[in-house]
Every structure is written in C-alpha cells, then in structure tokens.
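Pasting the structures in now, so scroll down.
First subunit A sits with subunit B, and in the next complex the same chain sits with subunit C.
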Partner chain A sequence: MSQLIPAIGFGLITASILAIAAVGFTLQFSVTNILNLAYGDIMTACAFAAYVANQAGVNIWICLVIASLFGAVFSFLLNRLVYFQFVRRGTKLFGMIIVTIAMSLIIQNVLLAIFRPTFFSYHASQGPSYTFGSMVFTASQLAIIGIAALAMLAVHLLSTRTKLGKAMRATATNPGLARSCGVATDRVIDAAWLVSGALCGIAGVAVVLNTATFSEGTGATFLVPIIAAAVLGGIGQPYGAMLGAITIGLASEIAASVINPSYKDVVAFGILIVVLLVRPQGILSEVAAAKEVAA
Partner chain B sequence: MSNAMQFYISTLLIYLFIDIIGVLGLNLQFGVAGIINFAYIAFVGVGAYTAAVLSLGPDHPDNFQHYLFGANLPFPLPIIAAGAASGILSLLVGVISLRRLRSDYQAMVMLVLSLIATLVASNATGLVNGPAGLATIPWPLFDQLGLSPVDYQWVYAGWAGLLAVLTFLFVQRITNSPLGRTLRAMRDNDRAGAALGKSITGLRLMIFVVGGVIAGVCGAVFVEFIQAWSPGSWLYPETFVFFAAILVGGTANNWGAMVGALLVPVGFLEATRFLPQIFYQGFIEAMQWVCVGLLILLFLWFRPSGLFPERPGRFRPRAEAVSRPSE
Partner chain C sequence: MNDRRAKSGARISLAVAALVTLAACGSNAPSATPKTYTGTLTFASFNPFTGPDASFGPEMAAGCIPAAHLINQAGGVLGHQVQCITVDTRGDPADAVPAAQKMIATTQNLVGMNGPSSDEALATVPIINRAQIPMFGDTGQAAFDKSTYDYFWRLTPADDAAGIAMAIYAYRKGFRKGAAVFGNDLSSQGNVPNLLAAFNKLGGKIVLNQSIALDKGSYRSEVQTLIGANPDVIFTEASPQTNAAYLSQLQQLHGMIPVIGTQPTVQPPWIKAVGGAIGKANLAHYFAAAQPFAPSQGPSWDVYNKALLASGADVPQPDQWSQDPYTETDFDAIVIMALAMIMANTPDPAFYNKFISKVVADTPGAVEVHSYQEGKDALGAGKTIHYVGAGGPISMDAYHNSSGAFEMVGYTAAGDFPQVDTVSAADIAKYKT
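Up next, the complex of A and B:
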C-alpha cells in the first residue's frame, strides 16, 4: 500500500502527458484518416527544438511554447509536402501507413545524424517539492498536470464551441457530406494537423521534463502507450483518448511500482490486446463504427 | 581468390539467400494475401532464438549466459523447431489480431507487438539472456565436416541457397495455385471473397502462420551462421528493410521479391561496407536508415508496383470464345 499511493502520483503525471499526446494523435487521425506512425518522432523533433532553444538560454517554459509552435508547423508541412501529395496521387490506406513509417525512419535518423547518439537533458530546475499525503510532486510536474488540464479544456472548447471544431467533427464523421454542406475540408485538415502538431510539441517537451533525459528514439518508444490510449478510447475519439490516457497512465505506473519498471509498456500493450479482443471499437466508438461502414 | 575475398563473397551469398527466404515469406503475407505484418522481424527473432537455445546445449549455472529451454539437438532439428515455434506464435498472434479488426488497427497492433517483443526479450533476463543476447552458437556440423572455415562457408552458402530455392518453389506454388488466386481475391476485395463463400479469417490465419514458419526458418539459418543474436538484431525498423525490398522488387511477384532482396538488404550492406567512417561512429548507419525511408517513398511515388510488377492473371481463352463466327 505504501508503494501504491506514490505510484498513483506518477500515474497522474504519465496520464497527463499521454492525454496531450493521445488527443493530438486521435484528433488528427479522425479528421484526416491518416494513421501517422511518425507521430512519436515528431514529438522527438519538438523535444530537440526545445533543446536547441534551451541551450541558447531560453527559459524552459518558453521552450515549451516554441516546441509547440515548431510541432504545429512541422506537422502542417509534413502533411502538405509529403502525406497530402501521396493521398492526391492515390496512395491507399496501407500505402499511407508505409509512407508514415518511412517518414518516421527518416525523421528519427536525421535527428540522430544531426545530434549524435547520446542522451540529452534540459537546463531546468524541477522547482520546490510539494507533498500531498504520500504523493510528492515537483513544481514542474504539477505544471505538466496543469498544462494537460488546460490543453484538454482547450480541445473541449475548440470542438464544441467553435465553428472550426464543429467543422472538424463533421469532416471526421463524413468528409463527403461535410464538403457538400460547405465545409472547406482541406482547410479543416490543415487545422487538424496544426492543432495535433501543437499538442505533440507540448507532449514532447513534457515527456523530457518528466524523464529528465531523452535521445532520438524517445518519441518512438512513447508511441506504444499513445497508441494504446488512443485505441482504448476508440480511435478518433478525443474524450475516449483522455479516458484511455488516464487508464494506461495509472495502470502502467502502478504496474511499474508493483512488478518491474521495465514492464510499463508491456502492461500498456496487454491492456491494448484485451481491449482489442473484447471491444475492438474502443470504449467510446460512434465515429469508429461509422468509419467502418464507410471503409 | 584470396582467402579474405572468399570469406567476403561467401558471406554475402549467405546473407542474400537468407534475405531471400525472409522476403519471400513476407511477400506471401503482404504481397499475395494483403496481410500487413509489421512484426515480421519479431517472428524471425523467435526463430533465431529457438534455433540458438536448441543448439547451445542446456543452461549451466557457471555459464556466462543464461536462457530457458537449452538443449543440444542434432543439426536439422533446431531449424525445424524454429519454424514450428515461429508458426505457433504466429497462430497465437493471428488468432488475436486478425479477426474483425480493420487493417490499420492490425498494422498498429503488429508494430506495437514488435516494439514490445524486443522490450520483453531485453528485460526478462532469464529468458534469452536479456540485452546482451546469446553468443557462441555453434556452426552446425562444423566438427563433423572437418572443413576449413572458408570451405565451410561455401558449404553453408550452398545449404542456405538450397533452402532459398525450396522456399521459392513453395511460395511460387502457392502463388500460382487456385489458393493463390483466392488469396489475391481476398487481398483486392475481401468482402467479395467472403460473399463467394471463402473463409477470410481462416485464409488470413493460414497464410499468417505459413509466413511465420518461413520467418522462423530464416531467423534460424541466419543465427546458425552469425552465431550470435540479441534484441538489437531485430529492432522493428528491420521489418521495413524487408518491406522496402518487396516494394522495390515488386509486390506479389516472387521473382521481383528476390531481386529486391538482392538490391536492398544485400545491396545496402555491400554498398556501405567500404565507406569510410565519416563524422562519427554511427553516422553511416543513420544515413542508411534515411536511405531506406527515402527508397520506400521514391518507389511508392514513382513506381508503386515495383521494378517487376505483379503479372496480371492470364486465362487461356476457351476454344469457342476464340474461334470467330464463320465468315
């Protein structure tokens, strides 16, 4: 029991980071229908963007904003210059997955070639520690939780209160119908890449702040729990992804403290398998079901 | 020929034959049947580990490496066991992931499976000696044959070549059989296939297992030659080398897949072996992966069906259809 409560604390932090990343991943997938397996590597690229800024003496929280902007622009360009071109040329679903994997290999290894194979960390103080019962959080960990909560609120407001959000949901459910109702789906898709990239950037820096060091493979490894969280929630469902992130985050950290820290991702994967067996469409699944019919 | 040159050429030949076996297995799964197996290299890995532990002999507490299921089986048995182990694992994975799932979900699950498999192999140190991996796996029949290492390599190349030819004949036989036609129909339109009464799940599962067995044999023949195996040898990007070979050579064309195996894995190895180390250790390898990625993109863009596209089915016209009405 004495281990369990601190584990829940860690779980909350992991869940926060996962939620940011998984919501970005699932939002972009639902709107664009491209399974972007380079997502983890975009995270790494954002972490490196923040690293470069940080080395130049910029405060880490401003670096977070820089990484977020970098992620937005990077994702946008990646879609416009690569993915969209392939889609327009008629590359099918499977072909697009291969294209994203190829991009993942390219991004990861270009980063490796530029920054060399070592571990990096930010110049950032963790701030004072705060104790809640037997959970201990550093100031920066609390900030991560706060940022995640803000990001989730922002995504919620975006998708329910703004015209763009409604257009995104319409495009996700039925692009053809959305287009004939006057939704500029190409612009919506651009917006989805920008939003997802921004979330990706925040998540990339948050991961590094939490784990202290990173290398060119950090994002790719983090893709496992992201996918698990997104699939658990029903892919294309932002609220499902939040729920999935909390489940995966808590479960994997508790497993890490009870069993063995190396098995965090294995637990995430185990949950993923069970969900796929029992409920392949995820917990919340209207859009996924609609897509199945369309596909 | 000098000794070093003989070593080099026979090694390349062995790599080529092993890569051909691997690429043919994946081509059967992906090219012919349309199953997206992003965990292919994990099945190669399982085969390799199986062959390794079954030829290393029982584990001993004083040993420098520790593993389960150690045994000292005579020559062809470890390879057969490797194929069987990989096939059984394929069956388990296939039963879970091939049903009901959309193909992009399947692709994701496979990719994650590959990541997790390396994670487990590295962390469960008692299983297959963790991150250090297994080493000193004996060359099969080396003592019995009594050959010099160079001559032995040539013999091994012949053995790998024989297996590659057998694999090719087997895969080609399936591809050109009525079963192969059914598989291609399933790949192109699974609903139509199901409507014609074909068991789509059953067919997919069968090909998944057959491909898994080929992957296992590929891993076994590889590990018995290189004599060492660790989680670093089968990281998930390796699967995409095989995919790149197929995309370059020609999806669903077994001749093309063999050309792809010659060009991508072996070509890259040979082309980069003599490059000097520039900048720092590991730079060339990073660039190799960038090139694999670019190669995939370029082929998908300019020549999506590969150098040797799948030949469209030819049906011998029936006599009455050909003979024109009497003039």
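Up next, the complex of A and C:
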C-alpha cells in the first residue's frame, strides 16, 4: 500500500504525456481517416527540433513551443506532399497504413543520417521537488501535467465551442455529408493535421523531459502505448484517448510497483484486451463504429 | 516369385542409395578438397545495429574494418583482398535467424564472421555452425562456456564471469547491500545468476533483484521500490535509454547511489545517454564498470590502434574504440582467421577452421607475432607462429574459449576510463558456481 499512492502519482505523469500524444493521434485519425504509424517518428523529429533550439541556448519551455509549431508544419506538409497524394488516388485504409509505415522508416533513417546513432539530452533542469501526501513531483513534471490539462481543455473547447471543431466532428462522422452541407472538408483536414501535429510536437518534448535522453528511435518505442490508449478509449474519440491514457498510465505504474516491473506492459495491455473483449469499439465508441475499426 | 522379389529388392536398394546420395549432397560434410575462391573474401560483423543494443554493432565493425585494411595493405590473404560487411540482427532472435540465413545464402565468399551477440547467439550459432562459417562470438552467455560447436570461438569472458567481477569489486569497496537492476533482455540477464551467488557467497546481501522492461518512459515505480530496499550499491546493465531514464529518475526521487555496470555501460552511447541524463560529474563520482582486461598497450595494440585511427573514413570517431576490449578482440578475430587461412593454404572455412587454435597457441619454438604482416612473413618463412592479440595473449581451451581477468574502470568528466582495480581470473574461478 505504501508503494501504491506514489505509483498513482507516477502514473499521472505517464498518463499526461500519453494523453497529449494519444489525443493528437486519435484526432488525426478521426478527421483524416489515416492511421498514421509515423506519428511516433514525428514526435522524435519534433524532439530534435527542440534539441537544436535548446543547444542554441533557447529555454526548454520555448523549445516546447518551437517543437509544437514544427510538428504542426511537419504534419501538414507530410499530409499535403505524401499522404494526400495516395488518398487522391483512392488508396484505402490498409494501403495508407503501409504508406505511413514507410514514412516512419524514412523519417527515422533521415534523423539517423543527420544526427548520427547516439543519444541526446536537453539542457533543462527538473526544478525543485514537491510532495503531495506520499506523491512526489518535480516542477517540470507538474508543468507537463499542467500542459496536458491545458491541451485537453483546448481540444475540448475547440471541438465544442468553435466552428472549426464542429466541422471537424462533422468531417470525422461523415465526410460526404459534411461536404454536401457546405463544410470545406479539405481545409478541415488541413486544420486537423496542424492541430494534431502541434500536440505531437508537445508530446515529443514531454517524452524526452521524462526519459532524460533520446535517440532517433525514441518516439517509435512510444507508439504502441499511444495506439493502445487511443484504441482503449475508442479510436477517433479524443475524450476516449484521454481515458485510455489515464488507464494505461496508471495500470503500468501500479503494476511496476506492486507486481513485477517486467510485467508492467503485460498488465496494461491485459486490461486493454479485457476492455476490448467487453467493448470491442473501446470505452467511447461512435467514430470507431462508424469507421468500422472497432477491435 | 523370387526373381520378382529380387528385382523389387534391387529397386528399393537403388532408391535408398539414391536418397542417401541426395542426402549426402545436401549435407554440409566437408569435401576432400577445398573450394576455389575468386575475388574478394568477406568477413561479416553479425550484431545488432538497430534496436536497444544498437551500440554493439558499430563497436564490432570498428574492429573488423582496420583489420581488413591492414590485411589488404599486406597483400591480402592468399592473393585475395578482404572486406567487412555488416549484418543487422536487431538484437532479436526473430530478426536474427532470417538475417543469418540470408547472410549465408547470399553473401559471396563469406569466409568468417564476428558475432553473434548474447541477444541472438542461442538462435543463430547452430545455423552458422551448420553452414561451417567460423564465428568469433561476443556473446557472454554461459551456455557457450563448454561449447561443442566446431566453428564457434570466443575471445572474451562469459557474462556470468562479469557478474562475479562486479560482486568482488563491490565487496572490496565495502558495499554490503546490493540491488541488481538489469534489463529483461537475454544479454543483460546473463550476468545476474553468478552476480547474486557471488555477492552472497562473499558475505553481501542482495536486497533487490529487479528485471526491468527496456526503453520505457517512466521507471519511477521501479525506482521507488529500489529506494525502499535501501541498497548501498546498484549493479546494472540495460540499454542506454533505459539506464538513463532509470538513473535520472533515481536522482530526482532520492539522489544517486553508487553504480557498478558491465562492459556495455562503458560504451560511448551508454556514457553519452547516462552522462547527459544525470550529469557527467555524477557519473564520474558514482560509477564504475567491469570489463574484460585488455592491456591497451604493447606492440599488438599499437598496430591495432594505428590502423583504427587511420580508418576514420569508415569508422565514425575511431578513437572512441581505442581501449575497447571487444573492438580489440574483434580486430584480433579477423587477423587470426586470415593467418589460419595462410596456415591451411585455403580460405575455405571447412579447412582453415582447425588452424585457428594453432595461430594463437604458445607452442615451444613458435615465433611471437603481433600483426598480420609479421604472421604472414613468419609463415612464409616456414615458421610456427604465436599470435598475441591487441586484446592481450590468447589461450584457447578445449571449448574454443579464451577468458581472463577483468579490470574495473571508473569514469572522468574528461571522458577517460581510468582503471581502478583488477579482478583476476583465479578470483573469478573461486566464486563461479
């Protein structure tokens, strides 16, 4: 029990990072219908963009903004220059998955060629530690949790209070109908790539602040829990991704604490399997069901 | 009736004979005469170049490339130039097995190799052995301590010996409560059983044995458990990113505890990752590691280091491998195989393999040689040779293993690895279970 409360605190940090990444991932999929498996590598590219700025003496929190902008532009261009060309030619969901895997490998190898096979760290202090009961957080971890909460709030406000958000939801649910109702779906899709890319950039830097070091393959190793969180919540559902991230984050930390660290993923993914057996469409379901991508 | 039976028997006999002949053709039994080779001979560096143990591959290739340069400068082997290729196993048997099969099936003039590593050795050594390719494994797995594979050779000690060296050093330094924090991969876990047994036998106590998943974002719960166990030393080997995240989170939650690592923890990627995460000053203060003892001096090492430093076009930052015992022995392996080919008068592995132990044997009257050129000249003059490697003297046992002492190295903020202690082979043998 003495280990459980701190583990919940640690789980919140993991969940915050996962939530930023998973919401971006699922938003991208729901609006564009592309399951972008290069997402983890774009996170890495954003982490490198922040690294370059950080090495030039820029404060890490400004670097996070730079990474977010970089992620937005990178994702937008990736869609316009690569993915959209395939979509236009009628490539279907599974064909697009292969294209995204190819892009994942290309991005990873380009990063490898530019930065060489080694590890990198930011010049960034974790700041002082704060204790809440038996939970311990550094200032930087509290900042990550705060950024995640703000990002989730921003996504909520965007999707419920703005025209763009409503257009995104309409496009996600039925792009044909949305188009015939006067929604400029191409522009909405561009906006979705920009927003999800920005979240991807934030997640890339948050991951590195958590792991303290990174290489060209770091983002790809986080893709599985990101997808797991998105699928658990009901793929295409930003709120579901938040719930999925909290479930995976807490489960893995609690498992590492009270069972065996080797099995932290086993427990987290065991929960995923059980939930999907009961609710194949995930916790929140409508987009997954509409797109027929329920597990 | 008898006639028909006899005819039928003859047919069956013919069929059996045909099957036996076919089977013989398909088997790998050595033929009576060596194969003829044309063109460049190929040595492979068969190791992880990607994945969590991606640092192993470049370390190995850095040994092969300068050796190949020196061999070519000396006129090649039996008129053939040599080259090095890299084969990526990704550190995973599932990838390594097809990689081995592809390497064997498609590599022209493949005459020898360095590798495999511990990650893929159990899965691939039988395949490579069946293909009759001499391999100098850098696997530390104890399963090969008494290897019966004819084509398997090993110039570095087993992982379980490293675990004992770590335990002895920790005990000498006054540490009595140890925590074993190792990655859950085969390579890392190979160190654990003998480490635990030796530390307990010495009178210490292992307060925590933690096997951790690799390359996760958070190890805070694991670190919290470690802090609860209150060790005064951490024994570790995991991937650079894993150890960097783990130790930086230890630093955040508690402050550093002395760390004793294995040889992979003195590799440049590990030092860069962990040094970047916890700070080089902390690394210099709290860290030591056990690695096979290689003198990194003397005429053979001079030849190696000169060739290595001249290979900058093919080996990124070659000086980082100057004192690396694995790179040194990978270099030695190529030289030994090339000299064995000269002894056997053929690059055919099925014929030169048995000469490998003769190249390094310290037999009476043998001329001590320190380079391929010296060895080639001595053999050309009809002499028996005794090759002393860049990694030190080599003595092969009946199981094709050559092991020795360990050195304990520290780290300085300037990036050096000063020797802080040595653990003799006799001490290691004393605590081996």
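In this text, the second predicted complex is superposed on the first by the 282 of 295 C-alpha atoms of A that agree within 3 Å, B and C clash if a C-alpha of one lies under 4 Å from a C-alpha of the other, contacts with A are read in each partner's own complex, and residues count from 1 in each chain.
Methods note: a residue touches a chain if its C-beta (ideal position, glycine included) is under 8 Å from a C-beta of that chain, and two chains touch if they have at least 3 such contacts.
Just so we're clear, the structure is a prediction, and the values are computed from it rather than from any experiment.
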{"item": "Fit-or-clash call for subunit B and subunit C when the two complexes are aligned on subunit A", "value": "clash"}
{"item": "Touched partner set for A:T221, first subunit B, second subunit C, both or neither", "value": "both"}
{"item": "Touching partner for A:V65 - first (subunit B), second (subunit C), both, neither", "value": "neither"}
{"item": "Partner chain(s) touched by A:N260 [first = subunit B, second = subunit C, both, neither]", "value": "both"}
{"item": "First (subunit B), second (subunit C), both or neither touched by A:G95", "value": "first"}
{"item": "Which superposed partner A:L105 touches (first subunit B, second subunit C, both, neither)", "value": "first"}
{"item": "First, second, both or neither for A:P117, with subunit B first and subunit C second", "value": "both"}
{"item": "Which superposed partner A:L164 touches (first subunit B, second subunit C, both, neither)", "value": "neither"}
{"item": "Which of subunit B and subunit C A:L142 touches, first, second, both or neither", "value": "neither"}
{"item": "Touched partner set for A:S129, first subunit B, second subunit C, both or neither", "value": "second"}
{"item": "Intersection of subunit A interface sets (partners subunit B, subunit C)", "value": "116-117, 221, 260, 262, 265"}
{"item": "Subunit C - residues contacting subunit A, complex", "value": "50, 54-55, 58, 184, 210-213, 215-222, 224-225, 228, 240-241, 244-245, 248-249, 252-253, 268-269, 272-274, 276-278, 316"}
{"item": "Of subunit A, residues touching subunit B in the complex", "value": "35, 37, 82, 86, 89, 91, 93-95, 97-99, 101-106, 108-110, 112-113, 116-117, 221, 223-224, 227-228, 231, 235, 260, 262-263, 265-266, 269, 272-273, 276-277, 280, 292, 295"}
{"item": "Of subunit A, residues touching subunit C in the complex", "value": "2-3, 6-7, 10, 13-14, 17, 116-121, 126, 129, 136, 138, 207, 210-215, 217-218, 221-222, 252-254, 256-257, 260-262, 264-265"}
{"item": "Residues of subunit B touching subunit A in the complex", "value": "34, 36, 38, 96-97, 100-105, 107-109, 111-113, 115-116, 119-120, 122-123, 237, 240, 243, 247, 279-280, 282-283, 286-287, 289-290, 292-294, 296-297, 300-301, 304"}
